[in-house]
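Take a look at the structure below.
First chain written, first letter: the chains are A, B, C and D, and each begins at residue 1.
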């Protein structure tokens, strides 16, 4: 039996790096320190065994060789006038580089799962920047922590323990007792249940409430009505006082802001609130990124193309405009004529309209697991699992990159090998 | 009776635990459900009974579940294919579909909850 | 592979060649005395030949740069160039993508560029980007000035431990040298505060910026690092800060260099030579800095020249970036790194009509023109803080032509003449001096003069040929030609390979990443690591086992050995 | 006078980028020259002539060039981009970025325009007889200024983020507008005849007049009393107080 320590968890944006894994005969037998979700991901379960293909989406798949599947995938992409290459969150930065190169090669739109997650946060960063910090700053210093529209108990189970609530640090030896925890949400989540203060807002009202807080902070409380978005002015004034009294405050926000009415403008507003709080004390804001390497795609895409996501290579040079070039934009407009879905599950996580269009066009799936995307795919190429069977780089929610270890030997080829071969085939087909 | 609600979707821990195992009954159990507070759930049936959620964008049958964190008029379906059968596809000019804040109607139903494969088959 | 460059008007200051017709021979990537008759030949035809350009201070890779890209799609959409069969797509002006970074430097005749700041904890990211920048050789300076271990060991006055930490930090970050930014200020910014000068005490750590600077200078020399301490002074950007800068420069006198180079490199002086008390009575005091430099040894600087137009300010000086964002009412990103440093990114525009901007523009030029020895002032724009590096040709033209400067001054507010000495400066630099400020000087400052910045045998085969015939041009009058020639090399040769011809990329080899492996006595490391392990156990949010940059991130490493104990050559 | 008539040859499903459809690009050109102008169908490089039937009558400078477009252009983007003079008359619907960055001339559209019509417009006139999508007269991602000059009239309604980052010019929407009209605006004038919600957030300068109902007011405006504008009495608000409060919001 081999015991691997300091392993990284390949589930969420916390990227816990203190996991211990026991391996026997190339099988993971035990996972320690991980949360329930992380342990499930690392332990794994049944996989797609071999590549599969079908021409009729209503028909059954037929097992094929990797070469056949790769050839078919290359042909689909090479023949397409508006290919979409989507996913990437469960794969490493090294995979993203190969993907971006292939997207350039075939003139595709490349987009990642941020588009249904924190894509709006990136749009907000374009407007206001992002005053943030690494999670260790929060652990060592924060005495006021706000979770706004985020529910770490469910989505980031060890966040509170490792970084934000219970964690002890240099300037906070008491951990939980040294912190005031505020939760702002539309329903009393388990996270809200653990807070010192829970502020329940009317769904979709976040934008109004943040503006009211900013007005109060700016000394303009007089213009704020008695109640905003279901919160009394008194509560808002008290909240501003609490935030101002912090020595180091941190806001962690989630889908409650990115997906509600006003979309990215909610975050734009929250970033401004954070910036303005810095006139009084130290405040930072951090998106609770979902998949472990959804942040990494944004980083790689930014240094390779200048833009963090939703890049359209149709004309050989990067063009970027979510609302026009994001995955659901082109799917719901029925523009896309072929798609490659890799390390992400559009079939499960896109609105029915988008999945309906995927069901109409040729779809290549590259993934270890059978999921709703498989159901609408024509070519399915199983791969090794990044972070369990492959080593490589990912970015934590705060932009810290770490290298994942290989825990067991893979039985399938890696995403990189598949993408390199598809690229090679595409070049042959196009006569380059 | 028909319950009019504001529908939101989002993560849950069991949705996370089963996310890489979407052909399983565990995944269906974790995501093909709709949470209401017990007062409103009581208007539709017992926890575990089938309900049909209808929006402008589609309809889906899921299991009724209680969550007393929800205020009146707020329904929650964990993210996944069942939720996505009824969410708003409009990306509002910024790439993000409407996963939260969708006006919906909920009724008790005797129709069955579709399996993941059956649900997606509807789109083909 | 052999290459012969014939009939060039060669400027090679290190070897005392100033415009002489000299043939340059390259074999297997290195300059040699002679090549065989099989060598391919480039006939320079009397055109200007210099060593490949070397930039000792530029922000080309890593977390801050990428934050700049992500927050500035409006910048990315300028400078768009589609892919070709040979090149990847290019984007951006102030924050170019990795490909544009490499191609554009090469197109200017530059072959070596150093990233000016990386926090150890985010060094992996820096190297991921460096790995993707084509053509040029590169390296990155590592931040130490507000690191908790640094401050702890400075307080304990334990220079052995500090040296061991610096050596270990360079290894952990695969860094090339010691960067210090607003020492102590990074820690203070953890609670939204700052230091106001050399003698403020950093709470909880009980050290002053003065202590930090002197101690790091000392261990830098104890370790015999190729480069000296590389310092971004306290109070950057604040009117009246030239006094802090002068007081900081004084500190260099307390330490002797371990080799033939400075002990302190003070960077982007344009932002640290400010007189006045506020933005209204703001004036340039670069003349005082130049005067100091003219009367002291062992200190070098770079211009940090301001370019009018769009820029992106990015620095580990977190508190300054917040102040700046309030001044310009602009977007602001902040990036504190636990236990290590701060950072911030703010887009700015330099306006001719803003007297403070005009005076800052003047100070870089004043510094270069009033300092007698060009080895003491390197040409930089502190890319992209003063402006993007693609404007180096503009700076060269300004330095070579008093006429051009006077033309520019005419476009500035009348009060300009009272706020700077520039209008009265007639000095015009020659090609030799430009070659020093962009090649020999920067290589010497970096401690790489053996293989970089000259064309003698043993040097890297990095050469630039510009479309200027030095004996047929008067740069003072023909400054437009000077600018145009330096912006687009006729040839750039990297490691003996032609990578640019007539301003176009012809090949895209991968350059190397320089980093310094400094050894210290094992017992010093052991003692130091006790502290480090404690910090990881209690304060870092990641484990020590996952901290150090792995070999996988340096596919083309160039290790430079240093250290306090004799090093065995393998 | 030069008249260019454009009709789609067949149904277009994948978006076409046709920034070359502009009086500036057509002026003085022959039918053949115009037909050979570049266009992109997705990633497929093609020509205007491949996609559209193009007829040219007469010759003229941009200011004397009229482009008449008939048919369904709902997947044709960037029509009239950067145009400085002349006229484009469109009978049908168009895709995104109609009249983006235009500085002069006039575009009339009988149908609907998708998002970003009049983006970063500097001058000229854009008349949309149908409805407009998101970001009418707005800016590009990350820029501080959207529309700087010119006039946009929409007879129907417009969706969210109308006039975002507007720095000058005028937008009139006869129908309803979506949420956050005039957000972060720093000049210019917006008139909404119908209903809207959350107007004027982060507005530093400029004027917004709303004749319909405001579903939700931003809690950042100061009521200054009533004031008559062109004979109509409005409640006058100033704001957004967070950013200095020099914007004016008139609500009926």
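Heads up, the rule we're going with is that contacts are C-beta pairs under 8 Å (C-beta built on N, C-alpha and C of every residue); 3 or more make two chains touch, one makes a residue touch a chain.
Because the structure is a prediction, the values reported are computed rather than measured.
The greatest centre-to-centre distance from chain D, using averaged C-alpha positions, is reached by C. When every chain is represented by the mean of its C-alpha atoms, the one lying closest to the mean of all protein C-alpha atoms is A.
Rounded to a whole number, the gap between the C-alpha centres of chain C and chain D is 45 angstrom. Each chain gets one centre point, the mean of its Cα atoms, and the points for chain A and chain C are 35 Å apart. If each chain is reduced to the centroid of its CA atoms, chain B and chain C end up 56 Å from each other. With centres set at the average Cα position, the gap from chain B to chain D is 38 Å.
Looking at chain A, one finds that residues 123, 126-127, 261, 313, 315, 320, 322-323 touch two or more other chains.
In chain D, the residues touching two or more other chains are 115-116, 134-135, 140-142, 161. Residue positions 71-74, 77 of chain C are each in touch with at least two other chains. Looking at the complex, you find that chain C touches chain A at residues 61, 63, 65-67, 69-74, 76-77, 80-83, 85, 88-92, 95-99, 121-122, 124-125, 128-129, 132, 189-192, 204, 322, 325-326, 331-339, 345-346, 538-543, 545-546, 550, 552. Taken in their complex, chain A has these residues touching chain C: 5-6, 8, 17-18, 93, 97, 104, 122, 125-137, 139-141, 162-163, 168-171, 247-248, 275, 278-279, 281-282, 284, 298-300, 302-308, 313, 315-318, 320, 391, 393, 395, 399-403, 432. Every residue of chain D that touches chain C in the complex is listed here, in rising order: 140-143.
Touching chain D in their complex are the following residues of chain C: 71-75, 77.
The touching residues of chain A, counted against chain B in their complex, run 11-12, 36-37, 40-41, 44-45, 57-58, 111, 115-116, 119-120, 123, 151, 153-155, 157, 186-190, 192-193, 200, 203-204, 255-256, 258-261, 263-264, 290, 310, 322-323, 325-329, 332, 345, 347-356, 358-359, 368-372, 375-376.
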